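Heads up, there are several structures right after this.
In the two complexes below, subunit A is the common chain; its partner is subunit B in one and subunit C in the other.
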Partner chain A sequence: MDEEQTAYFDSGSTTRIDSKVLEAMQPYFKQDYGNPASAHKKGRKAKRAMNKARETIAKSINAQTKEIIFTSGGTESNNLAIKGAAYANKEKGKHMITTRIEHKSVLNPIKWLVKGQGYTVTYLEVDSQGFVNPEELEKAITDETILVSIIHGNNEVGTIQNMEEIGQVTRRKNVLLHTDACQSFTKTPIDVEKQKIDLLTINSHKINGPKGVGAIYIKEGTKITPLNHGGGHEKNIRSGTPNIHGIVGFAKATEQANKPEHVEKMRKMRDKIIEETLKIPNSKLNGPTGEKRLPNNINIYFKGVEGEALSGYLERKGVYTSTGSACSSKKLEPSHVLTAMGMDPERANSSIRITLSRLTTEKEVEHMLEILPKVLENLRKISPLY
Partner chain B sequence: MTEYTEETIKRFEDPKHAGKIEETTAVGQVGNTMCGDVMKVYLEIDEDKTIKKARFKTYGCIAAIASSDKICELVEGKTTDEALKITEKQVIKELGDLPPLKHHCSLLGLKALKKAIRNHEEKHSTQ
Partner chain C sequence: MDEEQTAYFDSGSTTRIDSKVLEAMQPYFKQDYGNPASAHKKGRKAKRAMNKARETIAKSINAQTKEIIFTSGGTESNNLAIKGAAYANKEKGKHMITTRIEHKSVLNPIKWLVKGQGYTVTYLEVDSQGFVNPEELEKAITDETILVSIIHGNNEVGTIQNMEEIGQVTRRKNVLLHTDACQSFTKTPIDVEKQKIDLLTINSHKINGPKGVGAIYIKEGTKITPLNHGGGHEKNIRSGTPNIHGIVGFAKATEQANKPEHVEKMRKMRDKIIEETLKIPNSKLNGPTGEKRLPNNINIYFKGVEGEALSGYLERKGVYTSTGSACSSKKLEPSHVLTAMGMDPERANSSIRITLSRLTTEKEVEHMLEILPKVLENLRKISPLY
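Right after this comes the complex of A and B.
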């Protein structure tokens, strides 16, 4: 299909790279390709670039430069936070707390620890909007609890948790707090001091940066066992020659994204799309509205139409959306997030996710809003449930 | 989306047999929203058991809608006995292919067909 006719609404899965980011990365492929661990000039140049990038990332979440470790992305950072904290603190206890609405890269490392490594887990319930109750969290913490992992901005329905309240509970109880902030990074304020976060996952490709690079914030003094043992890069926490061009791109993407006008633009677009789609009969918004929802996330239920069919039909018309999270769309079960919010399988299976980036255009929005009602009408006509 | 054949996409986008038949006893519905797809098949069957017309309504994925349409096309003009002999494999072959994860969709359509024929036969044997 002609690129001109496409409208991309799957930025919650990944985004296209910003030209300025690509430009910033260019010198590090063929010219300044040194290994930051090397003592020579090329090595030193790479190291300088990496330190500068580390500063940019640290500043964006109010952390110290030394508290940032670069990784290959969100999945690695989540694994490092969870398994790393679990191993380093096993003398203290083996109990963890998380929620039912986490990304699979949080749920599955925890499952692995529980299944074969003797750890236990408590899953916090969420309300119909996807919010965790900090009081429930406090009640779930025991003397054995070592780690709490709660997603900051939910990838499917955009619910933004109140990290400040959550952080007060975990700090008071002397338990580590990890948050997966891949979706919320640069889209809602993150301040690791104010929110009392000990471990934080962020990545680059959700903010119009390159894929394959991310970071973990590790609060000074927090014990973490590495996953990668090797040459001792990244203060022995993450061995492996750093992805220098990726890291430079990540920092540039952060710099570019971290402007209030982008959030404002996405929020306006989001609210316009919500308003317009809710005019379609028998449609409902999944998740919260306003400031407590990610500015780039829309998740809507359309009665009587299966999500994959709707998403597939839209794709034929050049409109890219997703059902649930992209990672699970090949499976047949209803979304674990929508189910945890109390929705029945029909509602969970009849919902689609529309996600924006700061580069989404008005033209794309108009195209999608024009196509969507027509496609829905066609599919509802042949539905036995409508 | 999952990779589908052109035939599957064509059937999904522009099904020729979508709809319903009023005043027929040959209606079969299978599936429920708890486990995913719901399919409803309507048949018009004449006195010598030939299927004159077949229509469907489906809540489900691309494969489910395309399979329903293909099944309706395959049974029109056949006797109910012949229609009951259509296999899952045959439907998949007629669609070019279906991803393995979606094979059950064509099976569900056949179950709806069988149910419609059985309902018709039951009504007629008691009359």
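Right after this comes the complex of A and C.
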């Protein structure tokens, strides 16, 4: 199929690199390719580029430059936050708190710590729109609690937690707060001071930057045990020759994305898509609306069709969507997020996710809105469930 | 300083990306940018590209395609090999064996396991040229030994260990053999079957590929505990959205580098540089010669000058070299590798490393050979040590 005819609505999974981002990366491929750990000029040049990138990213979340550590992506940052904080604080306690709607790269490191390392975990329930109750969180904190990890903007249904209220609880209780902000970064305000966040995960490929690069914000003074030991890069927290071209691209993507007009544009597209798709009979929105929802996320239930089948038939017409997160999309289980929000397996399995980036075009939206009702109608005709 | 006038001799630290490698990466930046975990066409296309890359890399070391797992680089692969094997085999024993000439990304994970996780380690001594004695290795193996980690081609002095002999010992003793082959990959033959290697670390940025990507070969059936838990990518061994453009570039770099003529070219340059620099009075080669030395490595002792000072003055003339590895180059301690080879601190501190890549030009070599004796003479004139 001609690339021209496609409409990509899986930006919650990954995005294409923005031309300006790729342009910013160019000098670092073949010219300024030094290792920032090298003492010579090429090394120093790489180090300067890296620190400039660090500054850009720090500013975008109101952090100090030295509080940003580069990693290979969101999964590594989540593992480093969770295992790193768990190892470094085990003298204080071994209890952690998280939610049932986290990404697998938060749930699975915790499961691993619980299974073999003697840690315990409390899972917070969420309401029908995916919100955590800060009062429930407060009740769950014990003297043994060392870490709370709550996803900022949910990757499946777009629910944006009230981090400020959550941060007040954790700071008052003297417990570390980690948040996976891969989906929310540049799409809703993040202010680590105001929101009292101690550890924050962000990455590049969700914001039209290159793959293979991410960062973790570590509040000054927070103890973290490294996962990658070695040459002592990144203040000894994350060894390994830094991915300079990736880091420069990540910073450029941050700079490009971090503009209110992009959020506004995506929000308008999102609301148009929600409005139009809800006109289809027997469809329902999963998750909240307005400011409390990621501006690029739509998750819709269409009674009587398998989400996987719908997504598959849409693909044949050049419309790329997903069911839940890419990381779980090949496992045919009902989404753990929709299930945690109280939906029955039928609804969870009959929902699809439509996600935008700031590069999504009106033309793509129109194409999708033209194709979707037709495909759906055909599928429902043959559905034994409808 | 004009880039034209420079001569880069720090390829042991990092290299520039080959034009053909960058070309191969292009489609994956803005067009085929899918997440290989996605079920749709863009995802499948990414997955195909990734598996093709996996095949190229597997073939280059005589491994099976499924035995290659992509990581963010050498440091992560070394950490995964060592901690992953340590965790997965702790029921069998907690003893490891390594050498005193490893890269920090092998030494430091082991130190961490010893310090806080109840493991023990035996460090094998090396001879004056940096070689491990396989008989010493055999004697060091106990019933508790689970892993032997020995660097294939040393990053500082270029010593290439006899992996075939080493592999015979470890396989006979039923102990896992890991080797850090970041420096030797594509520069000296690697055959995981013949050399009986169970775990092997390679990366991309040492072979004119992009930064931020590497791989680990894990022999089929070898138990490894993941370091990054999450969505279950890479057979559940290394979660995280794969760095597709990086992986494609890594494979292209492997394909480009893996040609006998490149090794031959580097070896000739190396031997010319060794021959010419040894004409300088009071200079000595550190490490072996001929086939037992990496084709791109020169490490020379110049009596009476600080290596750091020599490297710094060479830089002012556009010649980039290093003292030891980049990862340690800012710490002003004598090299642990040269020290392990029995050199006194004076010799260790008066040595520099000159490393080549297949893209190093004759012009660069001539420039360096013209500059080096002059800079050295001037430095020796003012040296209180000479």
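Note that the second predicted complex is superposed on the first by the 386 of 386 C-alpha atoms of A that agree within 3 Å, B and C clash if a C-alpha of one lies under 4 Å from a C-alpha of the other, contacts with A are read in each partner's own complex, and residues count from 1 in each chain.
The working rule: contacts are C-beta pairs under 8 Å (C-beta built on N, C-alpha and C of every residue); 3 or more make two chains touch, one makes a residue touch a chain.
The structure presented is a predicted model; accordingly, all values stated were derived computationally and were not measured.
Student: Identify the partner contact of A:Glu306: answer first if only subunit B is touched, second if only subunit C is, both if each is, neither if none is.
Tutor: In the superposition, A:Glu306 contacts subunit B only.
Student: With the two complexes superposed on chain A, say which partner A:Glu315 touches: subunit B (first), subunit C (second), both, or neither.
Tutor: Both partners, subunit B and subunit C.
Student: With the two complexes superposed on chain A, say which partner A:Gln195 touches: subunit B (first), subunit C (second), both, or neither.
Tutor: Touch partners of A:Gln195: none, neither subunit B nor subunit C.
Student: Who does A:Asn349 touch here: subunit B (first), subunit C (second), both, or neither?
Tutor: After superposing on A, A:Asn349 lies in contact with subunit B but is clear of subunit C.
Student: Have a look at where A:Gly43 lands relative to subunit B and subunit C in the superposition and call it first, second, both or neither.
Tutor: second
Student: Have a look and say if subunit B or subunit C is in touch with more residues of subunit A.
Tutor: So, of the two partners, C touches more residues of subunit A.
Student: On the A-aligned overlay, A:Ile382 touches which partner chain: subunit B = first, subunit C = second, or both, or neither?
Tutor: First partner only.
Student: Check the residue A:Ser19 against both partner chains and state whether it touches subunit B (first), subunit C (second), both, or neither.
Tutor: Second partner only, subunit C.
Student: Both subunit B and subunit C touch subunit A; at which residues?
Tutor: Correct list for subunit A: 308, 311-312, 315, 330.
Student: Applying the document's contact rule, which stretches of subunit B touch subunit A when the two form their complex?
Tutor: 1-2, 9, 12-13, 15, 18-19, 29, 33-40, 56-62, 64-65, 101
Student: Touching residues of subunit A toward subunit B in the complex: what are they?
Tutor: Of all residues in subunit A, those touching subunit B are 304-306, 308-309, 311-313, 315-316, 330, 332, 344-346, 349, 381-386.
Student: List the residues on subunit C that touch subunit A in their complex, please.
Tutor: It comes out as residues 1, 3, 8, 10, 13-17, 19, 22, 29-31, 33-35, 37-43, 71-76, 78-79, 103-105, 108-109, 111-112, 205, 210-213, 227-233, 239-246, 308, 311-312, 315, 320-322, 325-330.
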